[in-house]
Every structure is written in C-alpha cells, then in structure tokens.
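Structures follow.
Note that chain A is present in both complexes that follow, paired respectively with chain B and with chain C.
Right after this comes the complex of A and B.
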C-alpha cells in the first residue's frame, strides 16, 4: 500500500528545485553570452586589422610604381614628377597602375573613417573626372610622411618644386573599432621606396 | 519503504564532486582559449613589427647608417609597449654586394619570432 507522504513533491521541494534549476540556467546563459560577445569582438578586431592591412598593401603596391609609364605621357605633364601632389593625409601620383599602357592619375585620401582611391586614366588629352572607390573603413587616421634620397623628411604638404625629391613614402594607418563598448585601435605602417623616380 | 524518500549524504557529495569536476573542466577550457587568443594576438603583432622593420630597411639607401654592420635594439612604446625588436645586419653576406638582415621581435610574454631577408645594392 502506498504511503501518503511519498506520493509527490512538497511545496518547499518544488521551490528549492526550481531555484537550483534557475541558478543553473542563469549560469549557462551567462557563460554563453560572455563567449558569444568575445567571439563577436574577435571577429570585428580581425576584420579591422584586415582592413588596415588591405589599405596599406594596396597603397604601398601602387605608390611603389609611381611614375611607371610606358606611354611617355608623363613627360608632357605640367608636373612631371611621379608624385603630383603630396600632403600628410593624401597623395596624388601618376602611374600605369594596371599596366594597360595608359597612364593613370591616382589619389589616395582619407574621408571620414574611410580611405578612398580616385582613379582617372589619361584620355589622350587630360585626366578626366576620376572614379572613386573605397579602400578601407574604420580608419582613425592616415598619415603620410615623405623622405628624400638622403633620408631627410620633406615637410608636408610638399611644395610643387620639391615633389621631384620624394624618394620614399611612409604610410601609417590607424584603424579603430568599438565592439561591446570596448575600443580597439591598431596602428600599422610601411615604408615604400618609389622605383621609378627620375 | 520508510527510507526511500531522498538521497543519502554520500550520494549528494559524490554527485556534487562530479558536477564540480565537470564545471572545472569547462572553466579550464575557457581559460586556455583566452590564453591562446592572447598568444595569437602577440604572434601577429610580432610578425607585423618584424615585417615593418624589414620593409623599412628595404626602402632606405643601401649605404644608410641603419644598414651598417651590427646589432640595433629598439624598445617599443605606445601601442607596442612591452615589445622589443632587435635588428642584426651582416654586410657582404651571404655574398659580396648583399646584406643579410635578421629581425627578432619579442612580445611582453617573452616569446619571440625571427624574420630574415637579404638586401641587394641597387
């Protein structure tokens, strides 16, 4: 015969077990949310660093060949220097960057949190209006430093008469990202020697 | 059947012990993951720093003072506080007209990575 007190849970037992269960659920949820946050943070950190690297590599590759021109158009320009304009936050140069035999006018500049690239291929008489593309986002700063052959710094913005002296460019990019209230910044720099200087 | 109403003390203790071991295992996993994440971040930083140095040495004149024979130690600051970088330049190595540069970057954790390159006079 079944005893009366053995037939179910008492109110206290039910309350205690519910409390313990909710404790376990809260702990599990916290563990999950902490891990999920750190995953999201890791993702955006990696993406930002990737952005910085892409911006730097793209700029370095094209600035390195500044002045490369098999069409000979550069010799007819008002400013024959490979680098046409140089400031600490933007640089404009001529180079046949896509090696299609046509000289291109390329500008890299920072606008807001983006690094933009303007491209204009020579149309036979002039450089027409350029098309703009985005190179990188999350950019806090883009700083360009110019050096002459002896290694001395040329003050930026570089005067037209001194453009010809630029032999080396240092590109420094700082990217920042804020995820879950935490801001991470990542500085990268690269030194580029221009190969086609006259 | 008057003793079938619950667990004995021993049973509860054993169950708690097992639960504790399981939780410790998960916690240890989490900590190891965090540690490795930090280590991986430092590896990236060291590679970046060493590469930056090599790119710099590549970009300057072959006869510039930074490419003189010898060892240079840099203690980095700012974002890279705790990191250091040692550059060794060997002139006319591995053959005449080239310089062998070896860059060793060290992280705050004491781990280091080494990159080497050969620079030609051009």
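Right after this comes the complex of A and C.
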C-alpha cells in the first residue's frame, strides 16, 4: 500500500491541488494588488498632505509678520496698512519677510491647481515687477477669510478703506490627489493673527 | 514521507503569505507612523511658537522698572527655560547696536552693547517643546522712569569747559558752554557733542555742534537745615560744627533721605553705599576729595545716589571709583574731576568737567522720563526669526 502512494499522484489529486493552489495565488495576488494600491494612495496622500502643510505654514508665517518693517518704508506708501489688498482667493501685503532690512511686497494667490507667491523687494522708490514662485500644487481651493479685532468677518474683497481693520486671517486650503483612479481631498485650515497691525 | 512533504508545501505557502502580509502591514504602519509623527511635530512647533510669543509679552511686563543696563551687563537673560504648559521659553534682551542698527526706524545706540542710552531694546524669545524650537523678536521702547530734570539728559556737561584725557571717555551726549579739550584714546565721545565754543575735530562719533547758545545751569541752593546726618558704617567722623565728613573705613551707608555737608573727605579703599529702593540726596557746599575706593549702588540706578554741589562758591569734587558706579552729580559751580577705573553711569554736571579715566562717564538713559518705567512694543517690529 505504501508503495502505491509513493508511486505518484492521481490525476484528480493533481487537478485538485492545482486548483487550490491557483485559488490561493489569485487571492494572494488580488490581496497584494489592493494593498499595494492602497499603500501607494496612502503614500501619495501623505506627500500631498505634507506639501499642503508646508505651503500653509509658509503662508501663515509670512502673513503673520505682515507689516513688519524696520526700514521705515511702510509709512511712505499710498496704502499704509500691512495688508494692501485682500480677496477671498488672494492676499497682498507688505512685510520684510526675509528680515534683510528691505520691505517686500508679497502676494499669495491661486492659479489653476497651484498656490503662487509673488515677491517684490522695495528698490528705494517703488516695488518693481515681482518674481513668482510655486508654493503648493494639487490645490483644489484656497479660501481666505478676514476678521477685525472684535472677531467680526470683513467681507471679501476688502475695501481699501477697511484694509487697516484686518487683524486676523483664516487660510483654508483644500488639496486633492488622484491615485489609481481614487481621489482623496485634504482640507487644512489655519488662523493667523497679524502681529504688526497698528 | 510523502504526507510530510505535502504538509511542508502548505507550510511554505502559509509562511510566504504571512511574510507578504507582514511586509504590507509594516509598510502601512510606516506610512501612518510618519503621518502621525508629522502631526505631532506640527503640534509641538505650534506650541513652541506660542510659547515664544508668550515669552515676549511676559518680558515686556517684566522689564518694567528694571535697570536695563544691569540686565545688559549681566548678559541680557530675562528668562531662562521658564516652564509653561508643554514646554519652556527663554528671553534675552540686547541693545540696538551695530551692525544690525541703525535702521531707518531705530537708530543705533551710542552706548554700545551694555549701555542703553536711547531707550530702545531688542527682545528675543525662544520657545521650546521637546525638539521643536521657534524664535520671535520684537523691539521695545522704554518710557517713563525716575523724574529728573531735563539737564540730566547729558552724560557730562561743563559750564566753563570740558576736558578728557587718557582713556577717560564719554558715552551719550556731552556738552559745555565753553570749549572741549581732548587727548589720549579716541573716540572720546560716543554720542553727540555740543559746545558754546569749539569741539576738536575727530573725537566724536555723533553730531558736533559748535558755537551753540549757552545752556543755563542754575545754582542749587543748600539745605536750610543744619549739617548732617552722618551715614552709618565704620571709620566715619562727622563734625557737625564745620560740616566736614571724613570717611576712612570700609563702608559708609547712606539711606533714603537728604544729607548736607560742607566737605567730604574719603581716603582708603572703602565703599560709599547708595540706598536701595530710594534716593540719597547729598548736598556738599565746598569740596569732595576721594583718594580711593568707590561706590556701590545695589539697584544700579543713578537716581539713587544724587550728589549736589550747592551754593555758588567754587570748589573741587574729585571722584574716584574702582568699580562700575551709578550716581548723578549736579554742581554747576564746582570743578568735577573723575579719576580711577570703573565706568560711572549717570549724569555729571559741573563748572568744569575733567575725566582722566581709565573709567568712562556714561549717560544713564533711565534718568529721564517720569512715572513708572514701562516698555512698549515698537509698531511693525515683531518678526519670527528663522
């Protein structure tokens, strides 16, 4: 009897074992593929989130110092307010953002899926044409909300006469990323109290 | 044997699957752990920033009625690792000196790193939460302080002349209704020079004004009370009849109040102590001769030790000081001579003023103002230091 078992598999046995094995392999491959997709999504989302966080933090830091000017130029501007123009999708302010003693005119705005930053350092007489850099990609929306000292919302776009009242800016950025046909969106929000308002 | 072999292939398949699952699980965990770490870092960075900002506010409050010069001389640490919430903050105060200053909004302080002569100070605050660290900076401006007459805006003023030699220099505005004479170390004046006569060229860092209209220095009247009282301490002789005070001991303590003598003679290396939390006003009608020793002013406030040369008779005030001293002298009819080491902070007004050094005569900015000394944030000067 032992000799018979040892002599080989029957056809049935071979078929059954192959079927079981292929079942396992297919299940395993599917499992792996789903998981690897999911991993790729996770990684891509993490990268996007990180990108959005950095962008938001950069914006927040610079808007927070809006009005910072130890060069004394701000007092000579037509609009003395720290924030020079404010709409719900863009903000323009003056601040020596790189602390080099020269006042800069900075604009943050959304263009397509990007948030852009325009920078123009004071040249002694005016703000020259600005240079533009990309702050963040994959941006679905950039929404800016402005508040006065009492916490009331100032309607955007803010009228020139009301720019001086802006004491706090809420920046909301929604980034989206599509991986393997799945779209994830990631909303971020930060409140910035401007320190250099007078 | 065959049975065992079959069992083995199942084991291998299961093992392979387990390894694959474990790898996937590990990868997932790495992603979510990284995400969690990022969030945690962000929370800590925000906390550190808020701590740094809180540190600034605390510092502005803490600076009230403090002697900025003492703080600066001690390194400027206002708070060191002050605990609050999840972390700590440290705040240091520095003077507005070159090369960062002058800025259009804030001039450079002529007093250098350890002497606030213009009221501007720079506060740097660092917030820390574990590894996270954020730094913010603001410029503050002091106003108020002890009420002293405007004449004490001068580091030194000589009614007839002003002279400095050797390494006896000035910090702050220096003036005379006559002319100035300088020799030795240069620059002699770190600050502005104002003279009714002439100022030698090349000794002054600030603005020089010559041929200026005279500044009136009215005589200080002597007290109508008898001479005295004597200070406490050792080796003190006081002659109530002649009004002569002789200090030969190691310590002479003046309390808050008014003192009146005809003459103070001091020999030996003893110390004249100013009161704390108040002012000793010492009126001397003819002469001060110090041949050693110096002053100890624990509050480091010049207004705590005020020496007046009263009446209109001439005389000589010879002042030595082995250590950093804070005092004011107003004696428009007396010749004032500074000798000895140790810088003297305050304001020194005489008929003639002569500084032979090596100690400098420096203006104490906190002499001016009135009311409590408070610091306010200079608008448009808040920034985060990256």
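One rule holds for everything that comes next: the second predicted complex is superposed on the first by the 171 of 198 C-alpha atoms of A that agree within 3 Å, B and C clash if a C-alpha of one lies under 4 Å from a C-alpha of the other, contacts with A are read in each partner's own complex, and residues count from 1 in each chain.
To be clear about the criterion, a contact is a pair of C-beta atoms (placed from the backbone, for glycine too) under 8 Å apart; a residue touches a chain by one contact, two chains touch by 3 or more.
Note that this is a predicted model, so its numbers are computed, not measured.
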| item | value |
| --- | --- |
| First (chain B), second (chain C), both or neither touched by A:96 | second |
| Chain B versus chain C as contact partner of A:71, first or second or both or neither | second |
| Of chain C and chain B, partner touching more chain A residues | C |
| Chain B versus chain C as contact partner of A:151, first or second or both or neither | first |
| Partner chain(s) touched by A:188 [first = chain B, second = chain C, both, neither] | first |
| Partner chain in contact with A:49 - chain B first, chain C second, else both or neither | both |
| Touching partner for A:35 - first (chain B), second (chain C), both, neither | both |
| Contact residues common to both interfaces of chain A (with chain B and with chain C) | 5-6, 35, 38, 42, 49 |
| Touch list for chain C against partner chain A, complex | 1-2, 13, 17, 20, 24, 27-28, 31-32, 34-35, 38, 42, 103-106, 139, 379-386 |
| In the complex, chain A residues that touch chain B | 3, 5-6, 31, 35, 38, 42, 49, 149-151, 168, 185-193 |
| Chain A residues touching chain C - in the complex, by the definition given at the top | 5-6, 21, 24, 28, 32, 35-36, 38-39, 42-43, 46, 49-50, 53, 57, 61, 64-65, 67-74, 82, 96, 99, 101, 195-196, 198 |
| Chain B residues within the chain A interface of the complex | 1-2, 4-5, 26, 30, 34, 37, 44, 48, 52, 55-56, 58-61, 64, 78-79 |
